[in-house]
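Quick one: the structure is below, and I'll ask about it shortly.
Residue numbering begins at 1 within each chain, and the chains themselves are lettered A, B, C and D in the order written.
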Amino acid sequence: MIDYNFASDYTEGALPQIIERLADTNLLQTEGYGTDRFSGEARDKIRQAAACPGALVQFLVGGTQTNATVIDAVLRSWQGVVACQSGHIAVHEAGAVEFGGHKVLTLPACDGKLRAEDVDALCRAHENNETKDHEVEPGMVYISQPTELGTLYSRKELEDLSRVCRKWGLPLYADGARLAYALACPENDVSLEDMAHLCDVFYIGGTKCGALFGEAVVCRDPALMPHFFTIMKQHGALLAKGRLLGIMFDTLFTEGLYEEAGRNAIETARRLKEILKGCSLPFVIDSPTNQIFVTMPNDLLEKVREFTLLTVWGPHDETHTDVRFVTSWATKMETVEAFGKKLTELYKS
Amino acid sequence: MIDYNFASDYTEGALPQIIERLADTNLLQTEGYGTDRFSGEARDKIRQAAACPGALVQFLVGGTQTNATVIDAVLRSWQGVVACQSGHIAVHEAGAVEFGGHKVLTLPACDGKLRAEDVDALCRAHENNETKDHEVEPGMVYISQPTELGTLYSRKELEDLSRVCRKWGLPLYADGARLAYALACPENDVSLEDMAHLCDVFYIGGTKCGALFGEAVVCRDPALMPHFFTIMKQHGALLAKGRLLGIMFDTLFTEGLYEEAGRNAIETARRLKEILKGCSLPFVIDSPTNQIFVTMPNDLLEKVREFTLLTVWGPHDETHTDVRFVTSWATKMETVEAFGKKLTELYKS
Amino acid sequence: MIDYNFASDYTEGALPQIIERLADTNLLQTEGYGTDRFSGEARDKIRQAAACPGALVQFLVGGTQTNATVIDAVLRSWQGVVACQSGHIAVHEAGAVEFGGHKVLTLPACDGKLRAEDVDALCRAHENNETKDHEVEPGMVYISQPTELGTLYSRKELEDLSRVCRKWGLPLYADGARLAYALACPENDVSLEDMAHLCDVFYIGGTKCGALFGEAVVCRDPALMPHFFTIMKQHGALLAKGRLLGIMFDTLFTEGLYEEAGRNAIETARRLKEILKGCSLPFVIDSPTNQIFVTMPNDLLEKVREFTLLTVWGPHDETHTDVRFVTSWATKMETVEAFGKKLTELYKS
Amino acid sequence: MIDYNFASDYTEGALPQIIERLADTNLLQTEGYGTDRFSGEARDKIRQAAACPGALVQFLVGGTQTNATVIDAVLRSWQGVVACQSGHIAVHEAGAVEFGGHKVLTLPACDGKLRAEDVDALCRAHENNETKDHEVEPGMVYISQPTELGTLYSRKELEDLSRVCRKWGLPLYADGARLAYALACPENDVSLEDMAHLCDVFYIGGTKCGALFGEAVVCRDPALMPHFFTIMKQHGALLAKGRLLGIMFDTLFTEGLYEEAGRNAIETARRLKEILKGCSLPFVIDSPTNQIFVTMPNDLLEKVREFTLLTVWGPHDETHTDVRFVTSWATKMETVEAFGKKLTELYKS
């Protein structure tokens, strides 16, 4: 019987405050498509939190949808988007970027991160390429914060990337599906304000960070994405009852709820890491956020899966497997402890 | 001050039962992407209600998204979708079908409806066209029930269309964004079961019919849309917390809630029609469902808009305008009466 | 046995001067992709003939390819192209524009032509449409000169269209697949220079007007189509041996060959019209160029088709059919006379 | 002054026999779009040469166009095409495959070739991937013979690839832009018949192998690419005067002209390789066909470029550059010798 679920950060519904707020506002009448007052207030709070008074803020439903829509809005038809090989858009979105007609130009990842120097080299090589007009032009850069491996760009790394991008005229876009978990991390030195000013577009993830669903796109200079509303509609990404997204983000950005949601995941992840370490399970990567990657002996894994949901990341060697544990805003510390107790027993036996 | 809002059927949140259910299940953990048990139960209830035990049932978030995804799943690259000129996909979806690479082949509408004979003539003309290989092949037929003008296909009309479609090998797809309002209508003789058997694919609208959002695609023969899950992902149409859709449709298909939601809209629309008639406002079209189209003198309209939200459909003549009133699952009879009182006063003065 | 072929204007190869020139230059070595000196010279001659010294001139292979590539280069993702219902892109190009992600917004045709007032009304309606952000924005206008029905825009009509397009900020694009036949027509008062200045982009047709193949795109302001070379490559529209196109257009624009090619088609068409009139065959439309549309009794048609290739345009009534005869740069006057003799005999018997 | 041009195999027009044949047939009238008798005869000759009596044979204009059109015809919307990282479609086609909505799934190249074991591993990994429904499905495999680096798949290698592809149900497609140069190569053991039977689709390159332009697609089982004619039209890849392609391929497949064209390139390449070797220029790769890759000291390169066109492939190290020499059907042995004399003088000085 499955007692523990560390498979992802979208296994529950939403923060109780959000459910309450949806219930309280349920029968109020509003206009549609995000033109309602809740969405207006949420936009204002986000602009303020990001210190971007003139930013375009739009709410979409999910991450793949947001990535595909933003990328399509920023790129021109002859351009592609640069991402690292492990980037979500490069692997896990069923070709949504290509469906929109654009190539993902991949670069090697270093701890799940794109390096400024690699982007610079790619752009220089393109510039110097005698047949560059026969190739896809790098048109923007995609990163995620935290990355798909739970790692974080430092402020210095983000500044470097931002500088290289501006040097080459490439908009920098950050996928913040798990942004709350970066912001709440003690190791993190990149603020929401930094995201807004070092990136050209980024999104604040709601789906994995306490909302029922929803991602808030923030674009410092609205001229970068003209007619974004219509492009959202064209992508099927415009929610009729946009108020739901407005209400959820308004709630998340009231009284520090978004940060609080993040903190819980980080604290429970920290404890889980101690437990895993105590069982001599080596970490695949040193991730400071809510995703934990460890290598497990296959026989132990088999027993653990009898009572736990986790994600198999891939085979490590013939007798070991790399697996991922994820905590979230909803993970209870007592659940972690109870799981820890069972795991430690198994380990000792 | 705006006291009355008849602008659309998505001005409120959701049926109270749905909010309650979301609250009750909020902290349960489930798997993602619609593989959870709530979604499973909702699928079973829908299959049973539609008498389609082997049907593919998938839940998407919104109408434009559903149309674009289904059409892309059914058509091959050289085909287009047949719709009437006033069809939602032909006008109001910002080119989402074309974004997916397909042409909308339009035919004249008769009371908002596509006629079987017109589809037959189009197919015959294509078949006999000496240069047909230079043209887009009709690959499926799109209708909506009720239509964009609130009218209904009769069982006879739907059977005729279905027969013509099968004769030419064209899958018939029905957009049921407001299906509850058709099903609840005394004039309607097309059951959910009929929809499932006369159409090849259709969707049961949730967004406008009592859910927070969501549309349930029903496809009698799953072989018609292979890899639909991946196509959903590619379209950004796969909700991470698919359980939300499952919970909502499970609730709607329990104890006749979906029908009940429909009935309220029909009853309030009926009363509103009496009021409008009493004020000598002529109907633009005879719609039996929850959308009411009347012609209003411009000076009256100006006054009405001071306290009412409604939709301007377009100019009628120099001194009159065609407008649309919409009721929904959430419209209260006392609101209709109060509005009626104010309108009648204006009319008499 | 088929003795006469009036089915199209691409039934032969090319003007003898073109074949000679290809033979003479055959073993010269040049660079590829239109960067050779022949293409350079052809560009200069076209810029001079069109009085457009700064124009972008690029050579593509065929008409559908040119339309799809230009339209994709001019439009942004949220826009569509306005055309009349009988426009080539709307009907005869297998959905190539939609394959590129764009909708064709159709307007009624008047003698195969788009009317300035209809474009103006469409743009005004879009501007005033309260839900315009949910619809495809008109992004450019497509016409053909001569039209698909062989008719001509007068200078006045083209000026009116151009004025309306500039008023609304819409680039005007003219498909000149048969432009030679317009230019050579005594009824025509639109010069090549007018085309270049009243339109924003147009193409000079080679395939149907004396070349083996090829269309020359002329765009007064190159900023309208940034990265057009790469977009051509992306569309598979960049010929490796671009020199072939350069040589052919250089030849066509030397010593008035393009006009001469046009004149032959017009003169032979004129004679053919006299013959058809002499046989009491009514014209479907009054076309001054090289396409002639007449209504034929079915029994006569059957006999004519025994020795003639022509195009069946469609049924006229139960006993008559509308057919099209086409002459070209290659049509010999004696062929027309010989056909005329046989037709007249049939008519008299 | 440029005396020698080894920049590519499309620097001249066409084999004299082809020019003659075009001249001879120039004023004959034929039907359009490849339905003419010349195209019919060319198809028959190709089917016979490839021992594929039931094959679909269609003629397109250029390589990028052919790749994009075939790939779009074979893949379904949720699939991508597997290619090696140096594959033409992966790098040099300006994103034409992505423009059609499909991802290129790249694998490492070994001497420019895809290895059967890598394709097998990719497919197995996809099959075993728990989240495979969120990823692009491998839908076909793309190779080129010879490869972009001038290397050849052996019969054994092609059989292995073919076996793996069939095991996983993936159509195997070979880009034969330079196929004549493979077929004429003594080291080659893959016949045209082998190509047709080990691949599911391939194309016989004309543009680089003696024709003015043109590529002949051969598909053993026409059911693999339904409605290919219309897909060609949609891609702007249907030549109005298809007879030109028919005439050229008919000529190439008469009296062994295609093989002969190939042989000249191989013989001149062989001699050029001796000369380069004599000047101690190391080969970057051991290519048996008409592309020769050598590393040159930068100061020598500078001098050589004063009188020679060649292709800079990329920097080798700080003082050396990798360059490509290409011979073709048109390269004269005396040109090679004259160039050799000048190069040897430079080398000795």
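Please note the rule applied: a contact is a pair of C-beta atoms (placed from the backbone, for glycine too) under 8 Å apart; a residue touches a chain by one contact, two chains touch by 3 or more.
Computed from a prediction, not measured in an experiment: that's the story for all the values here.
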item: Chain at maximum distance from subunit A, centres defined as averaged CA atoms; value: C
item: Comparison of A-B and B-C by number of C-beta pairs in contact, larger one; value: A-B
item: Whole-Å gap separating subunit A and subunit B, where each centre is the average of the chain's CA atoms; value: 33
item: Intercentroid distance (Cα basis), subunit C paired with subunit A, Å; value: 51
item: Between subunit B and subunit C, centroid-to-centroid distance (C-alpha), Å; value: 42
item: Per-residue overlap in subunit A, given as positions that touch at least 2 other chains; value: 77-78, 93-95, 99, 101, 133-135, 230-231, 233-234, 238
item: Of subunit C, residues touching subunit A in the complex; value: 72-73, 76-78, 101, 133-135, 137, 226-227, 229-231, 233-234, 238
item: Of all residues in subunit D, those that touch subunit C in their complex; value: 5, 7-8, 10-14, 16, 19, 22-23, 25-32, 61-69, 93-96, 99-100, 207-208, 212-213, 230-231, 233-241, 243-244, 309, 330
item: Residues of subunit C that touch subunit B when the two form their complex; value: 77-78, 80, 91-95, 98-99, 101-104, 130-131, 133-136, 311-312
